Amino acid sequence: MKVGIIMGSKSDLPIMQAAADILKQFDITFEIDIVSAHRTPQKMFEYATTAHTKGIQIIIAGAGGAAHLPGMIAALTPLPVIGVPIKSSNSIDGWDSLLSIVQMPNGVPVATVAVNASQNAGILAAQILGSSDKTILEKIIVFKNELKQNVEKASEDLRSTSPKKYL
Amino acid sequence: MKVGIIMGSKSDLPIMQAAADILKQFDITFEIDIVSAHRTPQKMFEYATTAHTKGIQIIIAGAGGAAHLPGMIAALTPLPVIGVPIKSSNSIDGWDSLLSIVQMPNGVPVATVAVNASQNAGILAAQILGSSDKTILEKIIVFKNELKQNVEKASEDLRSTSPKKYL
Amino acid sequence: MKVGIIMGSKSDLPIMQAAADILKQFDITFEIDIVSAHRTPQKMFEYATTAHTKGIQIIIAGAGGAAHLPGMIAALTPLPVIGVPIKSSNSIDGWDSLLSIVQMPNGVPVATVAVNASQNAGILAAQILGSSDKTILEKIIVFKNELKQNVEKASEDLRSTSPKKYL
Amino acid sequence: MKVGIIMGSKSDLPIMQAAADILKQFDITFEIDIVSAHRTPQKMFEYATTAHTKGIQIIIAGAGGAAHLPGMIAALTPLPVIGVPIKSSNSIDGWDSLLSIVQMPNGVPVATVAVNASQNAGILAAQILGSSDKTILEKIIVFKNELKQNVEKASEDLRSTSPKKYL
Amino acid sequence: MKVGIIMGSKSDLPIMQAAADILKQFDITFEIDIVSAHRTPQKMFEYATTAHTKGIQIIIAGAGGAAHLPGMIAALTPLPVIGVPIKSSNSIDGWDSLLSIVQMPNGVPVATVAVNASQNAGILAAQILGSSDKTILEKIIVFKNELKQNVEKASEDLRSTSPKKYL
Amino acid sequence: MKVGIIMGSKSDLPIMQAAADILKQFDITFEIDIVSAHRTPQKMFEYATTAHTKGIQIIIAGAGGAAHLPGMIAALTPLPVIGVPIKSSNSIDGWDSLLSIVQMPNGVPVATVAVNASQNAGILAAQILGSSDKTILEKIIVFKNELKQNVEKASEDLRSTSPKKYL
Amino acid sequence: MKVGIIMGSKSDLPIMQAAADILKQFDITFEIDIVSAHRTPQKMFEYATTAHTKGIQIIIAGAGGAAHLPGMIAALTPLPVIGVPIKSSNSIDGWDSLLSIVQMPNGVPVATVAVNASQNAGILAAQILGSSDKTILEKIIVFKNELKQNVEKASEDLRSTSPKKYL
Amino acid sequence: MKVGIIMGSKSDLPIMQAAADILKQFDITFEIDIVSAHRTPQKMFEYATTAHTKGIQIIIAGAGGAAHLPGMIAALTPLPVIGVPIKSSNSIDGWDSLLSIVQMPNGVPVATVAVNASQNAGILAAQILGSSDKTILEKIIVFKNELKQNVEKASEDLRSTSPKKYL
């Protein structure tokens, strides 16, 4: 397992699933679990302090509200941690999750992505692995090319029809 | 020691000092220490999981930026935790500290006071002890009376001079 | 009655009910009432100034918009006051309620919990009582253990199924 | 005395002075006092419930942070209340003061002016009196004309010099 | 007509209707019209500069988004102007409307009420008239008493049933 | 083609359509395309660096979230660029789009309109063309007159019915 | 005069001067004046309704706080209006100015630039003129090239010295 | 060179220097340059599209205001990009920089750190390299241990002196 995906609550799974999906698409192995900073702090400690000894290279952590999971994991592991702020029902429009994750103090960074952007967390994990693995780097290049082609396809569709009809 | 005062960094001491001062004024014993959620997580774990076994009844925790200390302490102790959001230099005007502390998930509350309001954290600790200790309750009543008298004194000063001169 | 739960309006009851429910679960006696700072200020004064003489040890107050109830109660009682910011229909996404409750001036703290987090207000009340009552403290420890077990159960479910199926 | 000017703390006087100054300029009688919602709640009650019986027609109330004074006065008096949000040192850039004053619930309005705008509070008080008093209304018209002339004077100065020199 | 109610757009009528309703309840005469600062500026000028000559004593103006109507009316009339920030579809959650109305410069106040609070605008207009009209002042006192009785009724209902059933 | 309308994603078309519609109404020729700063950066470069050589006089660019398209186009063209912040599903209530577009550094302005206000972007483009083209200027004057007449019609409707019935 | 630069107050001149300076650099004629929406509304009306008849092609308007000048000018002129939000002393960190200017309703756009970015307002005015004037367009291209060269010069300086020394 | 550090302006160097300093401390080679998305877009394109071919594994990009540099670099490179939001003089308290960098659309992540936190950007780069390089991973572990020891030293100092004296 190269990537560990964790989230603070079962209710975060619909958001965090996209990180798993994109890693699967890149053929990158991962494990997925629920680890709560506030309700299972001992499990979080064990998870974070042992991950790098088990071959995990990157941890993706998603949480909402006063989102402490990514930052606490970052405090306990030497690995890079990617944080996904989740706009959960107990969040103030995502502002609390975002600030709780991104505003980490000196010494303990969390690589924060956009609110609810767990797919981007998976892509960033792939890019991190790709930075020292040519095979994955190539896949990123292919993936970015597909993004481009999708936009070009939409552009062609738009221009070949009247804008009115497109809607 | 009835109250434990902790803070995430040495630089928080000028703010957190006011909690100690007011507890001293109420003759409530306390200890004070620096415990960082992000830089000394093991110490934080030990502190939080043992505090109630050492006679501590309330923990006051201050932190800035992505302020995880109060919430993580609350995750680890059965005691009430009072959180002080600190508007430190690495904070976005205190919004990050405030939201990181107050927006805790169901099951793990932090009793949050105003930004930089460590004196109020000390008063709240006294009120918590006073809720089951008549002597302290009486001191709170006296303290509130003094607050009233200070305002009344200022009111008399203002009215006995021309407003212009007062400035 | 150890805890008084009050709210500014009948419409706050669906939110504030959770405070009552969790106190019941902890076998802590409480009373519940509607007391409006703005529409029944005299009743609020009487409630707040007499609560500690009637055996109440903690007051939980919820309000929305320009939420003055928790702070005014805190001004009038020596007891600890827990404030619940309510994201009511006449609130700007809860920001007004939160700031009106948490940003209290020196001398008059309100123990503020997250927006709409009345369950946490009840748990905090239990923790406050538990700080000087071993029986309640034990119940808090058991409660926190249940939180942990719920997360562990969810974790097992997630790992024993494919993430896809879990959704 | 037609207007009562009150403020939550002695430290609000430098801001609130401008309300007194402009009323003096309009020859409108006023009284000025310090009345704290949180530290002298009984005095606030008495002030607010008796003001209309003493001939006061409008109350101007300034406060900072979780600013409850204007709203609580409005709860207790049938008179119009003008609220001045003060950006005090214990305020989050004035946002807390502004929201605590303006977002009042149905039934209990506060006529809110801009942050720190106590001069405007005084002008608004004059306009309110002027709405049923021709002499004051005339003064408002003259005052507005002076505002216009000041701008016209500045405009002439600017155009008669090179912009560079003006700076 | 003592009160002029105006709004920037036909779509503001469902919100502004409440101002009319409460004035009717207080037997205060009013007129209601659509006047847009941005689309009918000349009409706005004429309305604002002549209102006080036609016996109008107070103007209530509601607008959304970059809400310039209340402030421009205030620039053009010596009468007190009450501003209602409207959370319209082209508003950023009401923040733009609120700030565009309340943050007026020195010399030109707008008496701002809460977002969408047109009922409160009507009550404030009544209070302004009541400040120099005993009959209306009495009606305000009666109205506030009814507010109190409604809360007391709700309080009785709550206490006479189990909270569970109340929901 | 005098105006180029571009947008970052196919999903922005329902919003951006209004810019096309209003230009059609003003008989101003335009082209419309999907150009993504992040997914088709080369296309964006080519589009922006060649537009002024193909007779395009104004570029309207709409984008959501971290909206870089308008600012990057502005970096690459000497033409005026109008930016439309889009409140897309991956936006924090439009705040991110607005700030990403309007807060451009010295030297590289973007003419920013309101969130989702693509119709206004089209009108602004017409006004820019109209500033040196009398025929278009006349159309703007007619258009503004129609805005006025629509408000006047609504005003008549409102005054000729009881407000109650109007709703 | 091709461009009219106006501002709400004399105190805005230090900010607005940069618009004049850059227009001078582009050899574009302009006039500059103080026109207050709130204090000289009649002058504003006259200015806005006559500007296009006097040969002015673009109006740049700067204002702070509840900044109504740019939007009201836009309501009254068929010309394009560029708005500069000013972070004046009576502004809440520029948020009020920005939202009051950018969030204009359908039909009446203001081309908004960044907070205090009056230089960019001047550049945008030049770009608007340049969109139908090759000479000015060429100057914009030269100007952008100078921006590039300044950055390249700074880049060379940085790389030719140790970063440490550079500071 | 393993890491490329770039920034939008010479004025960002005092902030971005800390990224260079920490990389030096970890013996990780890096290059540093000024690359402006808005003023040198071609250079940015070349830099971003060639970096991975020159052996660079990670790009750190800092920018303020409408900060497009990190996101545009991310659009053009398959490498992981770390974004540093800079609270520059033309920024609204850092909110614009933060949102412009973190809120990237699906497909193009930027690993965002806290406002002005360029040291953390350097540490994150080291962690990314360390995730596949044991030597660097060991250095991270040592570094984190030093962070811990610094806090422990401060803790000892605090406890061995009276808190009063410490200040």
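First chain written, first letter: the chains are A, B, C, D, E, F, G and H, and each begins at residue 1.
Basically, a contact is a pair of C-beta atoms (placed from the backbone, for glycine too) under 8 Å apart; a residue touches a chain by one contact, two chains touch by 3 or more.
Quick caveat: nothing in here was measured; it's all calculated off a predicted structure.
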{"item": "Smallest number of contact steps required from chain B to reach chain H", "value": "1"}
{"item": "Proportion of interface numbers common to chain C and chain E (over half same, under half different)", "value": "different"}
{"item": "Reference chain E; chain at largest CA-centroid distance", "value": "H"}
{"item": "Magnitude of the superposing rotation for chain B and chain D (Cα, nearest 5°)", "value": "90"}
{"item": "Intercentroid distance (Cα basis), chain H paired with chain C, Å", "value": "41"}
{"item": "Mean-CA-position distance for chain H and chain G (Å)", "value": "33"}
{"item": "Chain centre separation in whole Å, for chain D relative to chain C (CA means)", "value": "35"}
{"item": "Length of the line joining the C-alpha centres of chain A and chain H, rounded to whole Å", "value": "19"}
{"item": "Residue list for chain H, restricted to those that touch at least two other chains", "value": "9, 39, 65-66, 90, 92-93, 95, 98, 102-108, 110, 114-115, 117, 144, 147"}
{"item": "Every chain pair in contact, whichever chains are involved", "value": "A-B, A-C, A-F, A-H, B-C, B-D, B-H, C-D, C-E, D-E, D-G, E-F, E-G, F-G, F-H, G-H"}
{"item": "Parts of chain A lying in touch with chain B, wherever the complex brings them together", "value": "8-9, 37-39, 41, 45, 64-66, 68, 71-72, 74-76, 90-92, 95-96, 99-108, 110"}
{"item": "In the complex with chain H, residue positions of chain B that touch it", "value": "9-10, 13-14, 17, 20, 32-36, 39-40, 43, 65-66, 90, 92-93"}
{"item": "Touch list for chain B against partner chain D, complex", "value": "93-95, 98, 114-117, 144, 147-148, 150-152, 154-155, 157-159, 163-164, 166-167"}
{"item": "Footprint of chain H on chain A - complex, ascending", "value": "52, 57-58, 78-80, 82, 98, 102-115, 117, 119-121, 123-124, 127-133, 137, 140-141, 143-144, 147"}
